[in-house]
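Multiple structures follow.
Two complexes follow with subunit A in common, the first pairing it with subunit B and the second with subunit C.
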Partner chain A sequence: MQHRKYPFIVGFLIVPLVLYITFVIWPYIQTIGYSLTNWQGESQTFKFVGFQNYSDLFHDGVFRTALWHNILLLIFLPVVTILLALFFAFMVNVGGRSTAGGVQGVRGASIYKVVYFFPQVLSVAILIVLFGAIYRSDSAGLLNGVLTKLHLEDANNPIEWLNDPNLVLWCLLGVQVWAGVGFYLVLFSAAMQSIPKDIYEAALLDGADRSQTFFKVTLPLLWDTVQTSWVYISIFAMDFFALVSGLTQGTYGGGPDHHSEVMSTYLMRNFLYFGKSGYACAQGVMIMLLTMIVSVITLRASRRDRIEF
Partner chain B sequence: MTSPITESQAGLINQTPDARGLRKGQKAADDERYDGAGGRVLNVFSHGFLILWAILIILPLLWIILGAFKNNAEIGSSAWSWPSHWSFGSFGRAWDKGIGKFFLNTVIVMIFSVPLTMLFGSMVAYVLARYTFPGNRFFYFLFVGGAMFPYFLALVPLFFMVKNLGMLNTYQGLILVYIAYSLPFTTFFMHSFFKTLPTAIHEAAVLDGASHTRTFFQVMIPMAKPGLLSVGIFNVLGQWNQYILPVTLMQPQSSTDPDRSMLAQGLVNLSLQQGYSGDYPALFAGMVVAMLPVLVVYLSFQRQVQAGLTAGTLK
Partner chain C sequence: MGSEMNRRDLVKRSAALGLVAVPAAGLLSACASSGGSDSNSSTKPTKGAASKDNPFGVNDSAALDIVIFDGGYGHDYATALGKLYESKHAGSKASVLPTQDITGKLQPRFNGGNPPDVIDDSGAQQIKLDVLQKNGQLSDLTPLLDAPYIDDPSKKIRDVLQPGTIETGTLDGKMYSLSYIYTVWGLWYSGKLFKEKGWTAPKTWTDFMSLSAEIKKAGIAPFAHQGKYPYYINVAIMDLIAKNGGVDLQKRIDAFDPTAWDDPAVLKGITAIYEIVDKGYLLPGTNGLTHIESQTKWNQYKAAFIPCGSWLENEQLKATPSDFDMKFMPMPSLDGDKLPPDAIRAGAGEPFIVPAKAKNQAGGLEFLRMMLTKEGSGKFAAAANSLTVLKDGVGSDVQLRPGTASTVTALTAAGTNTFNYNYPNTNSQFDTDLQNLSAELMAKRLKPAEWVAKAKQLAAKAKSS
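Now for the complex of A and B:
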């Protein structure tokens, strides 16, 4: 095996490695470097300003608003998505009639999974166009149309979903939940089905009912998956760029009056519109740090003894 | 289609006709003991919620497809309007407004980016999974770690990197960037796949005098086909749907530079221009055009798509 092993290894690694370092790793590192400069983008001259950008950030009201919105998303997006996904996964997998083999899935479980999962394969661009039409501010929008039909709102006085400062962020959250639940449903279902049958049989023999089985057996065994999902959704909650910039008012979104501003949209506006590249990089680093902190906290806080089965 | 659990249970339980008869009697008794009224209520309850969410997913999509057949006045008047006459005119207008060109651009890029992603990703994964050498773990984490961060953290320097290489708004630039950003997941997935393949065949090939490269292409790649299919579909969907990278890298650089927008990006641009041109049916038709290939791939490879997309988090 030692025979000409190293030339082969180098030969296989070199091209992908060069590509990867050039376009992924090096830009990540550069982001950190540029964040310490007053670089303005187009001009190639810039000077080292230390942590000036970072202290500016903390005094920047818009950035603080954006940060607060990301924190709100960080709290609510995982909670809502995971609870809904767990609920539906429970319904799909154990909501059916019982048989001798124990509790079983509902009829048509795989059809539900196919339908629920579908938004996950749609481009965010499609979500933008789709929800632009759903959240339309007059009665021709789907949501206003439905609410008017149900006599929950006055047709002459429709809700301006994406223009309402108090609603806009939650509307965007709704889009991501709509798109994401199916993915985590399938993920949790796969994890549930990998739990050996005899554990359920043992619980049944001991006289456990459905909800006891779920909370005492299924959920603890799913914990690893829930935890990983939480980290994944958190990373999503730190992003939100495409949805905000595509659906809300203003250059790269954020409107009305910064009520839907998130860090990534503010970063892009600083970079491509105001030309403050160095400042934008500092925001990038902040997002990177926060993502790492959130991941570590999530993994630590939810640490349990791993159950092998 | 029935639930996979039911099928596997049926397979386990109903092995002989004798056993089946026996189980049936027992089943009725078990139902009586365990299920009672509660099970039936729960069954109705769970179907109710499941159907409600399914409607929430399907209804907006059907509504958009219907919208492609309406005219502007019908779309603007009420959400409940019905197309007065069915024609595919809006699809033609959408195609002419650029959807056709964007479609072609996306296909051109992906003809190169997807196979090359698969090739490079498998090469890296194979070397890291099957060979021990100093720095193996380092390279593994270097490649896989890139998946940790959202793309836009690297966007500012990436933009200038591509600009300095003179590849802004070029197909080759976007192809290289797509490959680079698809490598982490591809490597990660194929790494765990190569680990699970038996070593015996590999060793036999080496003993027969095959070179490392030949072993890879003629022995390992054919064995890795199921894994390649899953991650390949994942990459097709991911790159087809990619939005933020083309938005940053594929803007025309001068007035003579042709518009090489990708489909997702072009669609959003069209929707942002709606205020001026106001052709909603064409916009909805464009969306249907963008969605159709994804729907076909998804429905035909449904199992692999779900497996591929969820594998990353489960491992």
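Now for the complex of A and C:
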């Protein structure tokens, strides 16, 4: 039977492999090719320019700004999302008062779980409309309206959330955290529920309080899930295209004055609007390299011994 | 237990794979160029014989492929003209594809060498004309200009176009696009509000500023602009500069001459706009509002003036109170203006193009010729509350709304004193960067002198590229 094994495996793999090569690998190779040309995106006439695009890229202040913003997101987005999600998941599942019945969540935990998950069912387009209204720069905006009513700000001098260079990136980060926490809360909840209750009960009997239970029991047993989440959220942090281009000033967003620029929006503007498609391809190659580095680091750094239970 | 671990590994690996795959999604468009050929070998329909009635030699049996930007002006006018085309060329079939996603739909077709025959290349997803032209994708429209005007064959098309139409469509000395809509730019106000309060539209900047002080006292913000899109305020700034420095200066700016920015008119224009910001005459929050949000607040009498082009009336049709009495006025004049106070930015917009590789190129040109008739132009004006580039193209039978009517008056008053910048068509990056500077100035993060210095750097950069 052994000799029948390989045709069988190949038979299963051939279709996904062909799809993967056609739609992922081949575009990569093409992108690398185009990144060495001065292609303008509208015809097949272009010249080979060597590494000109890459050397331009290193001297491009806007690209450096965009890269820095992606790095900031890469640091803060996973940290904030995961910490919040872990906290909520812990409270919902095991944070309640311990009773004779053992370990349980806070009162109304099942309702919280559903409510926290709501943002996850909204598409990015809806998020953009919603937060466009929340961050609106005059007193008709939700935030400014509330602040004005509370007399915390002057109606004639509202905070222009998305037009303020110091606020805009953090406003966008807030949107993504708001939208993401619910999903990871459910993910962590599921993982927590697979932790046997007797471990918690043993900890409680030994007199562990909530934070001790969390750090000594829950977190180590959830490490695999946290690690996976970290990688997923990093994907969002490296992309971030839709939120920036939808909510901020400028063609494909990035305003004011590049203070919310991320690599993907800058790439898009160069590719489609400025007709610098070859240059945009070079940026794409850089993004690919950076993302690969990030994923390797993330997987390496979070490697730990697994605990069997 | 073992299978459990395997599954987790799998999830992790697929997540890592996802990380790698994401940029690919962004770059999928890059492969849009693959597989196309640039050769002209695609089967062109044999040309019909050219005649007086058929100057481009349209083949009656050839299909006509029309793509229309489905924006504020809709596409019904194109469908109607398509029917007219079919009836004049028996056996032909004219298909109209209305879309807002011009780039998404057409970039692959340009790259693949099979573009449509005529395109209304407009809207936010417009393919930039300078990029298309540099890549040899556009037909020269000179034959159209020299073709007879259908309503009066003794005239050529070039004789019946509004001034500036040919210049707007010209890149590197040849006309490549026919901008069909004639637009004027300036400030807008409510005739009703002004009448009620006894205010008169100011002619000079000094009057404008003193009226603004009065308006502010009345509890209304003197000035709103569409801050999320700095395009609008940039128009107001550049108009003040052109009126003060004259057409000569405007041409030098268009040519990316960096020394043009040293002209005192530049600093004067930008300082005037900065005065509005500095004196607190802006509608609170207007720097972050979209065009619809700010224009609607203006319609609600929250602000007195707003800068815009003449599409404003059609765009705000639903938000405008019926007794609003929308009025247009030219940008007020500064001291020592080289152009008269009535001078306005006016020009053709909404470019129509015929791709160089179109299968039915003759049909595309003929379609444009049919748009330039009283019938085509009148249909358009009635549907879209806008004038076309056909001189006297709107007959007396077409009823105009107050805003559009006031632009006609302003155009008559301006006479030959119209101007229009061409740099947005020839260098998208310079235009974008300049708008960016203007947004910073409006937010008080740049001073007028810094704005001038940075704009000069941009011009130098644009010149060298």
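Criterion: the second predicted complex is superposed on the first by the 283 of 309 C-alpha atoms of A that agree within 3 Å, B and C clash if a C-alpha of one lies under 4 Å from a C-alpha of the other, contacts with A are read in each partner's own complex, and residues count from 1 in each chain.
Going forward, contacts are C-beta pairs under 8 Å (C-beta built on N, C-alpha and C of every residue); 3 or more make two chains touch, one makes a residue touch a chain.
The structure displayed is predicted, hence computed values, not measured ones.
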- Query: So if we stack both complexes on subunit A, do subunit B and subunit C clash, or do they fit?
  - Reply: clash
- For A:F241, select first, second, both or neither according to whether it touches subunit B, subunit C, the two together, or no partner. both
- Task: Could you say whether A:Y34 touches subunit B, subunit C, both of them, or neither, answering first, second, both or neither?
- Result: both
- Answer with first, second, both or neither: which of subunit B and subunit C does A:M288 touch in the superposed model? both
- Partner chain in contact with A:F271 - subunit B first, subunit C second, else both or neither: both
- So, does A:N144 touch the first partner subunit B, the second partner subunit C, both, or neither? both
- For A:P165, select first, second, both or neither according to whether it touches subunit B, subunit C, the two together, or no partner. second
- Message: Looking at A:V181 after the superposition, I want to know if it touches subunit B, subunit C, both of them or none. Which is it: first, second, both, neither?
- Response: first
- If touched residues of subunit A are counted for subunit B and for subunit C, the larger one: B
- Task: Identify the partner contact of A:F88: answer first if only subunit B is touched, second if only subunit C is, both if each is, neither if none is.
- Result: first
- Identify the partner contact of A:Q120: answer first if only subunit B is touched, second if only subunit C is, both if each is, neither if none is. first
- Message: Considering only the listed stretches 57-65, 75-83 or 93-101 of subunit C, which one runs into subunit B in the superposition?
- Response: 93-101
- Item | Contact residues of subunit A, present in both the subunit B and the subunit C interface | 23-24, 26-28, 30-31, 34, 138-141, 144, 228, 232, 235, 238-239, 241, 264, 267-268, 271, 277, 280-281, 284, 287-288, 291-292, 295
- subunit C-touching residues of subunit A, taken from the complex the two chains share: 23-24, 26-28, 30-31, 34, 39-45, 135-141, 144, 155-158, 160-163, 165, 224, 227-228, 231-232, 234-235, 238-239, 241, 249-251, 255-258, 264, 267-269, 271-275, 277, 280-281, 284, 287-288, 291-292, 294-295, 299, 306, 308
- Message: If we count contacts the way the header does, which residues on subunit A are in touch with subunit B in the complex?
- Response: 1, 4-6, 8-9, 11-13, 15-17, 19-20, 22-28, 30-31, 34, 87-88, 91-93, 95-101, 104-126, 128-130, 132-134, 138-142, 144-146, 149, 178, 181-183, 186-187, 190-191, 193, 197, 204, 209-210, 225, 228-229, 232, 235, 238-239, 241-242, 246, 264, 267-268, 271, 277, 280-281, 284-285, 287-288, 291-292, 295
- Listed in rising order, the residues of subunit C that touch subunit A in the complex are 1, 5, 8, 11-12, 15-16, 18-24, 26-31, 33-34, 36-38, 103, 107, 110-111, 113, 124, 127-128, 130-132, 134-137, 227-230, 280, 283-289, 293, 297, 428-429, 432, 435-436, 439-440, 443, 445
- Task: Give every residue of subunit B touching subunit A within the complex, in rising order.
- Result: 1-6, 9, 12-13, 23, 26-27, 30-31, 34-35, 38-40, 42-43, 45-47, 49-50, 53-54, 56-61, 63-64, 67, 75-80, 120-121, 123-124, 126-127, 131, 133, 139, 142-143, 146, 148-150, 152-158, 161-162, 176-177, 179-181, 183-184, 206, 211-213, 216, 237, 240-244, 263-265, 267-268, 271-272, 280, 283-284, 286-287, 290-291, 294-295, 297-299, 302, 305-306, 309-310, 313-314
